[in-house]
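Below, each structure is written out as structure tokens.
Consider the two complexes below, in which chain A is the common component and chain B and chain C are the respective partners.
Moving on to the complex of A and B:
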């Protein structure tokens, strides 16, 4: 390999890493709201993402979004619309089931209700997976957009030797992801709702004294977290095929990203997911593809070992 | 304003409050004193709805509190400054105060209340962008009181605001309470271990022992009472 070729490969892997990393980042932000901020363990989060993928798929095909917005942009509109839909699903499931083991109900439970959350959400995960298998079948599907076979070219640089291609489909997905993350970060840090969510997580009893309905705060956070991850799923579905068990492949990435970023930090979770995407793609330069996930976990263990509080870990302990 | 009528409360089977009756009139400063474990904190938690009473009545401003969910009680005008301060550690000082002003009344009066709080306790202004978890104990207590005031309450309940503080800091907190009382004429219900100061500042006092009111009266009556003088004032 010549030097320009090597540089081109590195740049191409970097771009691929940023593109997929921004979607991992978005997924992680969804989980960060539930696990990082509200401290609720949700093992069904990957399966909610799977629901988001199917929601985007059916919104695109069955609801006629492809007619309205065309095959080019329709998939993105569908992915974004999966958000509000899954918000309702998440909010409803929280109200019916998960509220039994979060918020003020957990005050008397062992380990802040974490054991109960673990068992309950594992059960929900199984139901969602098998329900999806019955409803949607086991055949992998994907949302096709003609944009996924065209690319923007950056360059050529260095005379005529180096140029980098950005797949249009992934580029647009990354842009949407960036906008959603910026919006949600603003809401969490600056809005009354965001502050009430953080206060409820910090100290549910004191939050109640302030007049905050802590159980409702948990419900809203859960719905929002599910919705955000569903949008990430919908965006991912425009390039990757999916099936009812796809959640299992991503739930680990999500937890790793949230822990990497430092629990409780929304932007941290984004950078955690981004790091995983980058490591995954960069590792393809030197490792066979089958070892991509190994590379992620070696890096994960290294970072957890060297910086246990994560990139953006908070110094302050909860009371 | 607040009527507590023959209230019983228990943790699972352990009875803690046994027929407690307390009356707080509008504009009054009422103190509750008593030894550790008497049930003072439990009484406050019952008023806030965190502990459910097994018998008795709680009436605030003519409204039966039992039919009001815990998170709605602050909106009626009850501010609870809890034992051990319980500030929101990861929120900044300002965000803590904003959470105090979560009630509609608090939001309406936000500007003037914030002014008053920061003038009373200027250290909060200096630390406004710092996470509350990084404050000292005394500063956290000031923040907890400020957070209570920010809700523009009708009734301010304070649970041992001097607990765990160095004597000088405890004095400072007490002086601020007297300032607040003078400036706002707020109705205050205070639980304190520093009995001498509490009875001196209050209009009326109750002595709670093992879940029962054993004595009540105006501050002059209580301070003249032999049992109070011996048990609490060390005379």
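Moving on to the complex of A and C:
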């Protein structure tokens, strides 16, 4: 390989990493919101994302979005619309099920109810996966857009040797992801709702005394978290085919991202997801593709050992 | 005897299960009966680490998968029989446990759980990449039995039953030994366990090694039963999930939980799969999911504990408070402080201790001496650095500068459990009793550090309970005690380790007026019996009646060091507590 080729490969992997990383980051933000506010490990989160993918798919094909906005931009509109829909789903599931084993009800239980939460969310994951199998079938589908097979070219640099291609579909998805993240950041830091969420996360008991309805804050956080991840799923669906069990592949990535960013740090989770996207894509330069995921986990373990509180987390421990 | 009864229960279970499996001739049901035992064993493996220590592992598939591949590859490449390779798989599983545990135990809570997730998944892709997408165990036609191959499926059930019963006996043994008590103490409060003299890392490593051995062994057996090993089937998320589901469903931290969980869940899921799976693919998962959700909402701590709490609840401890010990004594102590004589021998010498957290100077150049038999009171407003001083003394924190000499030896840098063994006992501001254990067992945890045998530990614990006046409550469950009794129990736990010097962190906090006198009486008695005591408190009132010497801290530094009478009149102290105006007033 010549030097320009190597440079081109590196740049291309870097760009691919940033593009896929911004979607991973968005997923992670959704999970971090739930985890940060509620401290609940939600195993079904990947499956909520899967629901978001199917929601975007059916909004696009069945609701006539493709007629209204065309095949080019329709998928992105559909992906964004999947958000509010999944918010309702998440809010409802929290109210009906999750709230039974979380929040103020579980303080006296062994391990503060964590055991029940784990099994409960595993149960929800099973229902969502298999329910989707019944409803949508096992064939992988994808949301087709002509943009996913065209690209913007950057360059050429260094004479004619090096140029970088940005897939249009992924580029747009990354842009939308950035806008959504900025919006979330604004809501969290500047709105009354954001204040209630942060207070509930920081100290649920004190928040209750301040007149904040902590259980409601949990419901909203759960709904929002699911909605954000669903949008990420919808965006991902424009370039990757999906099936009812796709959630399992991403839930690990999401948790790794959240831990890397520092549990409880919402913006940290975005950078955690971005890191994973970058490592995944860059590792293809030196490792066989099968070991891509091993590279992610090894890096994950290394970072966790070296900096257990994550990039943006704080260590809080009292005796 | 309760002990014999639980042993009997295991034997009865084994006999009934064996008899039942004899009647099953359908090979599909035979396989199911074997799988129930496999997952029960796997659940017990998970339980041994996560159930007792509370460190939830999402990664037990790593050990299971290594075991399965060990057996499959050993037979393919070396012609090794599973009779030999399953024990090898168990040993490898145990080694893997140590390798995983050593770095991962640095993490706590959710971080530990999620880090564990990474191990099996990393291995999964490695085995795929190595080209072991599907490894089958070759048929041995000449000596099938020598290779654990039987045409009668019931024999597998028997082997699995033997393994399960062995693992149940091991678990039961662990639960009742100091091993189990140490793990349960870690689960309640790792820091407190450390301070009670428990080598937390050492016990956790033993737990994960044993847990890994069981998982590796049963993984190897699983390979034999199914005859084919694939990365997804043995390293996949579902293996770890299955282990924790059966354990959590049945009940965590008990021998029977995972067994009950597997007995119910495996047949239900297999039957649903067989009966409905072909009809509408996926419906079995939906029903199974609904079932476990319903049970977890009804019994969030698992079936075993919920049923036990409902049907076998022990009569709650007699609600009536025991009469306070001899009121005339209490009055005498609180009325006038009899002069106590304290020797000259310095047992704790603190020199120039400092500790900063970032920019915050929590403790600055603190020096003081504690003489044998003395009661030293450390007081100061909130945030004065009192608890930080204790954390520096018992090894939770390492000072930035300064020395701590215990009987002349510098102890800076030593671990909490080592310091406990050297005679530094302590209690905590936030009480963390082991709710489901009796007072006697709670105290026993602290006794092991100085006891060579279980017998001796029991004796030391009983002695400590008597010294704090809780003898009448020894067999009560800690969850039913009042605050005063819990405080005394914590003191007893620290005492059981035979400390030379006892650090008490806000032992009087949250007690009513009469209760304070009561606890003070106990502390004085301990001092009279020769235990040196350092006690933290932020109110001066009660302390004046208790201590021989005061150390007043403010903003991390020593404000005054002196006799109680002098300290209470010191204008600086009054100022720190009440503000400038009163300080000036006291001065005049």
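Heads up, the rule we're going with is that the second predicted complex is superposed on the first by the 313 of 319 C-alpha atoms of A that agree within 3 Å, B and C clash if a C-alpha of one lies under 4 Å from a C-alpha of the other, contacts with A are read in each partner's own complex, and residues count from 1 in each chain.
By definition in this document, a contact is a pair of C-beta atoms (placed from the backbone, for glycine too) under 8 Å apart; a residue touches a chain by one contact, two chains touch by 3 or more.
A quick note: this is a predicted structure, and the numbers were derived from the prediction, not measured.
*Asks:* Given the touch rule stated above, what does A:252 touch, chain B (first), chain C (second), both, or neither?
*Replies:* second
*Asks:* Looking at the overlay, what does A:196 touch: chain B (first), chain C (second), both, or neither?
*Replies:* first
*Asks:* A:231 in the overlay: touching chain B, chain C, both, or neither? Say first, second, both or neither.
*Replies:* In the superposition, A:231 contacts neither chain B nor chain C.
*Asks:* Which partner does A:293 reach: the first (chain B), the second (chain C), both, or neither?
*Replies:* Second partner only, chain C.
*Asks:* Determine, under the contact definition given at the top, whether A:120 touches first (chain B), second (chain C), both, or neither.
*Replies:* So A:120 only meets chain C here.
*Asks:* Using the superposition described at the top, determine whether chain B or chain C touches more residues of chain A.
*Replies:* Here the partner covering more residues of chain A is C.
*Asks:* For A:212, using the defined touch cut-off, is the partner it touches chain B, chain C, both, or neither? Pick first, second, both or neither.
*Replies:* first
*Asks:* Need the overlap of the two footprints on chain A, from chain B and from chain C, as residue ranges.
*Replies:* On chain A, the residues that contact chain B in one structure and chain C in the other are 318-319.
*Asks:* So in the complex, which bits of chain A are touching chain B?
*Replies:* Answer in residue numbers: 104, 192, 195-196, 198-199, 202-203, 205-214, 264, 314-319.
*Asks:* In the complex formed with chain A, which residues of chain C make contact?
*Replies:* Going by the criterion above, the answer is residues 54, 56, 103, 106-107, 110-111, 113-115, 117-119, 121-122, 125-126, 128-129, 191, 237, 241, 244-245, 248-249, 252-253, 280-286, 288-293, 296-297, 300-302, 305, 387, 391, 396, 428-430.
*Asks:* Can you list the chain A residues touching chain C in their complex?
*Replies:* 35, 39, 41, 43, 97, 100-101, 106, 109-111, 113-116, 118-120, 122-127, 129-134, 138, 244, 248, 252, 255-256, 259, 263, 288, 290-294, 297-298, 300-301, 304-305, 308, 318-319
*Asks:* Tell me, which parts of chain B touch chain A in their complex?
*Replies:* Against chain A, chain B makes touches at 48-50, 69-75, 79-80, 82, 84, 86-91, 95, 98-100, 102-103, 131, 133-134, 147, 151.
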